[in-house]
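Have a look at this one.
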Amino acid sequence: MTTEETPRPRRVAIAGASGYTGAELLRLLVQHPGVEVVALTAETHANQPISQLFPSLAGFVDLICRPLDPAALAAEAEFVFLALPHKASMAVGADLVKRGVRVLDLSADFRLKDPAAYRTWYGFEHLAPSLLGEAVYGLPELHREEIAAARLIAVPGCYPTSAILGFSPLLARGLADPETIVIDSISGVSGAGRKPELPTHFSEANESLKAYGVGKHRHTPEIEQELSGVAGRPVTVTFTPHLAPLTRGILTTITARLAGPRSTAELLGVYREFYRGRSFVRVLEEGRLPETKHVLHSNLCDVGLVSDARTGRVIVVSAIDNLVKGASGQAVQCFNLMAGLDERAGLWIPGLFP
Amino acid sequence: MTTEETPRPRRVAIAGASGYTGAELLRLLVQHPGVEVVALTAETHANQPISQLFPSLAGFVDLICRPLDPAALAAEAEFVFLALPHKASMAVGADLVKRGVRVLDLSADFRLKDPAAYRTWYGFEHLAPSLLGEAVYGLPELHREEIAAARLIAVPGCYPTSAILGFSPLLARGLADPETIVIDSISGVSGAGRKPELPTHFSEANESLKAYGVGKHRHTPEIEQELSGVAGRPVTVTFTPHLAPLTRGILTTITARLAGPRSTAELLGVYREFYRGRSFVRVLEEGRLPETKHVLHSNLCDVGLVSDARTGRVIVVSAIDNLVKGASGQAVQCFNLMAGLDERAGLWIPGLFP
Amino acid sequence: MTTEETPRPRRVAIAGASGYTGAELLRLLVQHPGVEVVALTAETHANQPISQLFPSLAGFVDLICRPLDPAALAAEAEFVFLALPHKASMAVGADLVKRGVRVLDLSADFRLKDPAAYRTWYGFEHLAPSLLGEAVYGLPELHREEIAAARLIAVPGCYPTSAILGFSPLLARGLADPETIVIDSISGVSGAGRKPELPTHFSEANESLKAYGVGKHRHTPEIEQELSGVAGRPVTVTFTPHLAPLTRGILTTITARLAGPRSTAELLGVYREFYRGRSFVRVLEEGRLPETKHVLHSNLCDVGLVSDARTGRVIVVSAIDNLVKGASGQAVQCFNLMAGLDERAGLWIPGLFP
Amino acid sequence: MTTEETPRPRRVAIAGASGYTGAELLRLLVQHPGVEVVALTAETHANQPISQLFPSLAGFVDLICRPLDPAALAAEAEFVFLALPHKASMAVGADLVKRGVRVLDLSADFRLKDPAAYRTWYGFEHLAPSLLGEAVYGLPELHREEIAAARLIAVPGCYPTSAILGFSPLLARGLADPETIVIDSISGVSGAGRKPELPTHFSEANESLKAYGVGKHRHTPEIEQELSGVAGRPVTVTFTPHLAPLTRGILTTITARLAGPRSTAELLGVYREFYRGRSFVRVLEEGRLPETKHVLHSNLCDVGLVSDARTGRVIVVSAIDNLVKGASGQAVQCFNLMAGLDERAGLWIPGLFP
């Protein structure tokens, strides 16, 4: 049937198109063969053409940003991507789901299953706790089937994506001691968003390195929730994020004690098996380790590791582009599954090098 | 007819795939709907899989590099892209053309019409001077029809692309004094290629600015040749290239005396008319000027200008990605025309931002 | 006499210590053998220790910022450096001078001799036009004696410093045509100050190049005023500033038609003679051109040039650290002259490399 | 006595002046009030003025590099700094010591006490094992008295400096479990030296992050040796170095299980006591963590920490400039102690910010 070969494009909207994840969604969706972008919202830039906010998009899309109106979005779009700040998504997401829209939320508002965790880590009371059970954590490598059927996707945070993909195979097979996990991540500056502030001012961030959010970064409970699910027992991690002077990229190094001696080759074999059929995870050969430049602007996650017999520890390294696999690309990957498309539609693009 | 809808892909090869322009060609061509890449050559990396040289391409292409053998290439490929060093292309290009292959040469070896200019600017005697007349300068915005029919394309240099596109409309209409043209360009470091040398060593190039090749840069005669063609009279320019600490991007600022008073709006109107139907040149609105980040990783050239009534001069600014519109993207654009495809096939991709 | 050998340090204050030029003044002055810093003001950070604003200074200075009170400053300090925003300095400077304090103003408020120029270029009416005649333009290489005797110094802008030092010798000797001067400067981002804004947000400025202020940058009249003084006739220039992704450094390229044929060696000879006894200008040998990294963190200005016989033009390149020779270092150099100290006191420091 | 007040400067030489640590030594020593630099050696640049290799030094020092001749050096210099590659220092250092010169070696050749460790980690047989016992590990915060009396100093590696200073107080007081130490360091690119190679080519290193030397970096045994000494028992660590796109700076994050519950404030108190009288270590207040930009170009090491009650772990962060406190500055600090000067002579310089 002809309609199957060239199916009608899905009508999608982006709420919060004026930030970096919004712009990145748009960049990916205007090239996506199965999508028609029908609406963009941006509170503070309402009535501005999106190409004025992002001149890179001039000639590719000429939508005008409008104020956020869930009813109007629901009338036009089948799928809505929410690229709103944390806390702003809760109500909008709940409203849209009620109206029958399928929602992909890029904020943290539906990522944690336990409403109490929002109090502890985010300092607010969740407004739609009943949806936390239904929302699916949008990491397709772990939750492909639930994503396909979901009404509401909580797209993972950038750091958690790299940490969870980096360490799940070892926990799933009981090969590492879950009491000993230390996660150090380094991120480019775009992860902090588009709002100008002193720590992300060029002259402050350039040529500098720092750690931040030590012991209290909000991605910690997300990592622990998912790794606990994989391990089948509670996992507590020490997660320390760092900022380095580049625009895009996250490199995550995970160190843990091995449950017993295993060679690098054996462990890599476990990873390859775990990620079989998962196109967007590339398990590197022994002797190679990921570099963020090799996944820049792609939806890939590269993973490599070393088993250190001397110390009985494993060191796993994973790399992603924080705005693609760490945010907007992952959202599109989830959308593809929800829409019954090839998971790789519009996303099967090699990295930009150099 | 079915074959029109899904035409057989063109068989293409890349000679010199181990450098940045080679890798960029490959990145673009593996995503191109009308192309099959059949062979890659790389002298010093013969027998290595290309994905080992460029891990970003792992999973997208698994060709093995081989030594350069024109006869073998001619047997397999209809089109060959030469991403070889200057001077190495001359003989190979001539050989391939003789064998009936259509050649797109990214080196300088066929760009200058005057064989004597090679002696003056490059310090060598041209080996195939007879081909200099036939070779077409591959700037589609100026030479679309000749490119479509050509056997041999000399893909322009990165600086010339930005300078020629930036200033041609004014000369074509006689609006600027051709005796007064000063061109200052700033380039990212990838323009210098992949060979490690002290000036492109990270710690030397980072956090520094410099001019180089002052008064003798080899792109000068190329700029003058093309601007002279447009102006219909000899044009001499002062061209000064600069190096800045970024990977990709060229920004070119061209200053000249106006032949008579014209407002910024009038001049922009001239540019818009000149580039009507040229998809890859975006003429910006009055009050806006190009930034390289807005064209990063795209085949676009953004152009803006200011008419300065106080001094009677015009200042034109143009921006490109040196590896795309300044090299490999432009080559693919020429290929599209030669192959009878839409000029934008495989290239109609918005910039990566941020 | 012992007191001559170890003279009592001069009591100085900095008004506006919370910006980059304020911090840079402080960094230089705490190491200066002839200075005691007695007070710092910073409106928005009053009552905060300066080492909280600039942790790099912790252990070196523990002054608390206070609100700006000219009377209090005059009671304590002999010299006051004003690192205030444009327009804020006018009244404060005039007040302090009246109180007998010697003032070094790093803003533009006293740089232009012609009050009307403030209306045209800055859009405000000058409040102390009578002081414009008295204020000395603080470029010691041109105005050493007047600086030594001055009550009020207008410390030059960063771009003008590099442009004026770069081109004065040619105009002083009548060797270049003053109708043909094109100045293209490239600056690091710190020149834009410490206030976070979108264009200086890391992810926007990093990996990008742009021109700005084209045809209307406020440093233009300052350059023209000083070059006119040197030339002994009115000089009009086209000045285009550019932004590149580095923190510190300005590279300025000046192109002009030579009045008659002169070799590079001859012109360099003229520069060497012009700058004899000027320690902070290094005229490079033929064949070498400045790089900003070679003057990083120093008070030096490196100058090199090429005479291009083919076009009859000269291309001069100069490099400075915008926060040192382009602002705070130059202010300290002026202070040294005013205080009767060796011009190099506290400033004779080689660049930081790499 | 007058001679005490202005003592004759010590005659020092630098062997291996053409690399980054050599240049940095020279930058520090030409400003040092108690030093006269009498000779520079640089094999591959013999007979070149040093200011041609490092134009930043032009005007400050005009020595000519010569080939390395220990006898000649011993005749002229009391102190020789060896900034030679690993393995090249062994014989030269031994020779110079025998001739009565006091030697500060910046290579790894005398850092490890156990000759067998050179076999394991460096793959060579040590040529002067008898000197390993005598050589003093040049970390003044731990070994001040031995350094003052030493003939031969092994200046610590850059990573070890930050790791050892970061973690010693906890081990010295038995507050952390030495079986659980995970050290992740991030370094700027200058640590890799001045030799151009692909991984430090600008376009490869810029905008990328990677780990390297995982499980086998040669700084590991050095860290373990010193931490074991402090702990009074064998300490094994997992040390993973990372490369980020900046020129200077090392940030080290150390995670370990606490022996028992201690608040952040308690632990910071321990650090303050441990480093009392150590001018170059700044222990930050609770709530603040180091950034490399705050120590850029200074000889300081900033240290901060967080006690994470939730996980029972401590996270310590330390920051240094790899070329100053991580190499040349530390060498000068050792020299000051050996020469009986104030430890801070020529080194008491605040960081360069921004």
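As written, the chains take the letters A, B, C and D, and residue 1 is the first residue of each chain.
Note that contacts are C-beta pairs under 8 Å (C-beta built on N, C-alpha and C of every residue); 3 or more make two chains touch, one makes a residue touch a chain.
Treat the numbers as computed from the prediction; the structure is a model and nothing was measured.
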Looking at C-alpha means, what's the farthest chain from subunit D?
B
Contact tally winner between A-D and C-D is A-D
Whole-angstrom distance, CA centroid of subunit A to CA centroid of subunit C, is 46
Cα centroid separation between subunit C and subunit D, in whole Å?
36
Per the centroid of Cα atoms for each chain, what is the distance between subunit A and subunit D, given in Å?
39
Where in subunit A do residues touch two or more other chains at once?
20, 188, 190, 194, 203-204, 206-207, 245-248, 291, 293, 296, 354
Listed in rising order, subunit C residues that touch subunit A in their complex are 20, 188-190, 192, 194, 196-198, 200-207, 245-247
Can you name the residues of subunit B that touch subunit C in the complex?
180, 182, 184, 186, 188, 203-204, 206-212, 214-215, 236-238, 240, 242, 244-251, 253, 255, 289-293, 296, 306-308, 310-311, 313, 315, 317, 319, 354
Contact residues on subunit A for subunit B in the complex?
20, 23, 27, 30-31, 54-60, 190, 194, 207, 247-248, 279, 282, 284, 288, 291, 293-298, 300, 302, 348-354
